[in-house]
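Here it is: the structure, laid out below.
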Amino acid sequence: MELELKQIRNTLLVRVKGEMDMLVAEKLRKEIDRRLETKQITNLVINLDKVTFIDSSGLGVIIGRYKKISSLNGKMFIVGASPSVRKILMFSGINKLISMYNNEQDIISI
Amino acid sequence: MELELKQIRNTLLVRVKGEMDMLVAEKLRKEIDRRLETKQITNLVINLDKVTFIDSSGLGVIIGRYKKISSLNGKMFIVGASPSVRKILMFSGINKLISMYNNEQDIISI
Amino acid sequence: MKNYVRFEFPSVPENVSFARSCVGAFAAQLDCTLEEIEEIKLVVSEAVSNSIIHGYKNQPHGKVLVMATILDDRIMEIMIEDNGIGIADIKQAMEPSFSSDPSRMGLGFTFMKSFMDELEVVSQPGEGTNIKLKRCFLVKDKEALA
Amino acid sequence: MKNYVRFEFPSVPENVSFARSCVGAFAAQLDCTLEEIEEIKLVVSEAVSNSIIHGYKNQPHGKVLVMATILDDRIMEIMIEDNGIGIADIKQAMEPSFSSDPSRMGLGFTFMKSFMDELEVVSQPGEGTNIKLKRCFLVKDKEALA
């Protein structure tokens, strides 16, 4: 997994690349939480554009970050999930909690 | 493996796609020999453009076809080997017996 | 065609990806779609992760055994086995959203049930867990698909 | 990191591609280049093909065992074993261009010797063959490569 984190004013943009399974879940959780706790962040955007695989360990990190940012009164967005990743997100019901967008522009423009 | 065979006058053009190992060697040998034996073929061109892997079983089919067409006084050419396939061809010394070209046009124009 | 592969490896997180790739590569011998292979990889990922996380409590010295069998061109059986702590209440464990670990989602068995045609769990506390999964693939009309 | 995978499968040609993909996927845990993984896949392909073609004379009921071990981040050991006919004259078998089958090139052992750092062959007629391969990878300076 490769990870790119970028803060744009009060939005944290996280671009993940590779496979989201238990091997990377812990690292991903830590990297995001470190920023959520120290910086003034009210929007969390996770870009899954380059994610080729996700299982319940990967979903767990997403849901966990959703709970965290919600407790801080922030909002979370998912961006760019491929059809196969989207299928798993829908299956888990995550899409009922977190809005999904096709690309980063779609969020910035709202 | 996928295979495309095409006769252009007295030239048999064989386009191979996939991995050239023992699983496909036999099929490849049969398909080519069937044409060499029944049609008036004096040139055999093997296009390896879409070959992603070759081992000694794959090399064996190439050398075997070279021997066969030579015994029929024909010529053989290899076309489009990727760097990794080319490395194995060079290693085996096949390039000293059979001329290698970058693409099909290079042969047609000679 | 009747074929199988049986493999074992230690309970380290790196091997989850390895295990699902291998079973995926093996499943490619069947007449199945890329989407079906993705589903196979998902359930293997869930079952192997469970062995490591729950069965061996994230300790690296356990052994995980995976066996994939192609029964004919349409049926694949997958077995995942560990010698870990086992499951006391299998019925409860298989309930959607149940997890013994509050940080997890309890979705593993739900995925296995949903994406496979059969799921069988054999487990004894202290003895380990054996998961059997079975999937039948439709015969594809290659002409029609082309 | 110390990790291993051990797998076995029947001696059918479909499994040659499967075996090299699996060892390739496993080798990807090491700090090695795509070109090095291609070389690993090649030697596995040669050794497994030999077990099927020579060891089991193309009969599908033999069992091939492959074990890949990562000793540290730089060293990989691969073992390929069959219970086939074995090799009477190992020295002769390993000579470049020697093959007991006139339609083959006798390049398998040459590839194994050239692309690996160590090659050990243990074999007895009637008892089967065990091939041990070892490869050390250079420590890559990731900064310099980038």
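We just call them A, B, C and D in the order they show up, numbering each chain from 1.
Following the convention adopted for this analysis, contacts are C-beta pairs under 8 Å (C-beta built on N, C-alpha and C of every residue); 3 or more make two chains touch, one makes a residue touch a chain.
Treat the numbers as computed from the prediction; the structure is a model and nothing was measured.
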{"item": "Topological distance between chain B and chain D, in contact steps", "value": "1"}
{"item": "Length of the line joining the C-alpha centres of chain C and chain D, rounded to whole Å", "value": "28"}
{"item": "Chain centre separation (chain B, chain C; CA means) in Å", "value": "41"}
{"item": "Chain A and chain C, separation of their C-alpha mean positions in angstrom", "value": "26"}
{"item": "Per-residue multi-chain contacts in chain C, two or more chains", "value": "14, 17"}
{"item": "Multi-chain contact sites of chain B, meaning residues that touch two or more partners", "value": "none"}
{"item": "Touching chain combinations (by label order)", "value": "A-C, B-D, C-D"}
{"item": "Chain C residues touching chain A - in the complex, by the definition given at the top", "value": "13-14, 16-17, 20, 35, 38, 41-42, 45-46, 49, 52-53, 103-105, 107-108, 111, 114"}
{"item": "Residues of chain B that touch chain D when the two form their complex", "value": "19, 21-23, 53, 55-57, 59-60, 63-64, 84, 88, 91-92"}
{"item": "Residue ranges of chain D in contact with chain C within the complex", "value": "1, 3-10, 12, 14-15, 17-18, 21-22, 25-26, 29"}
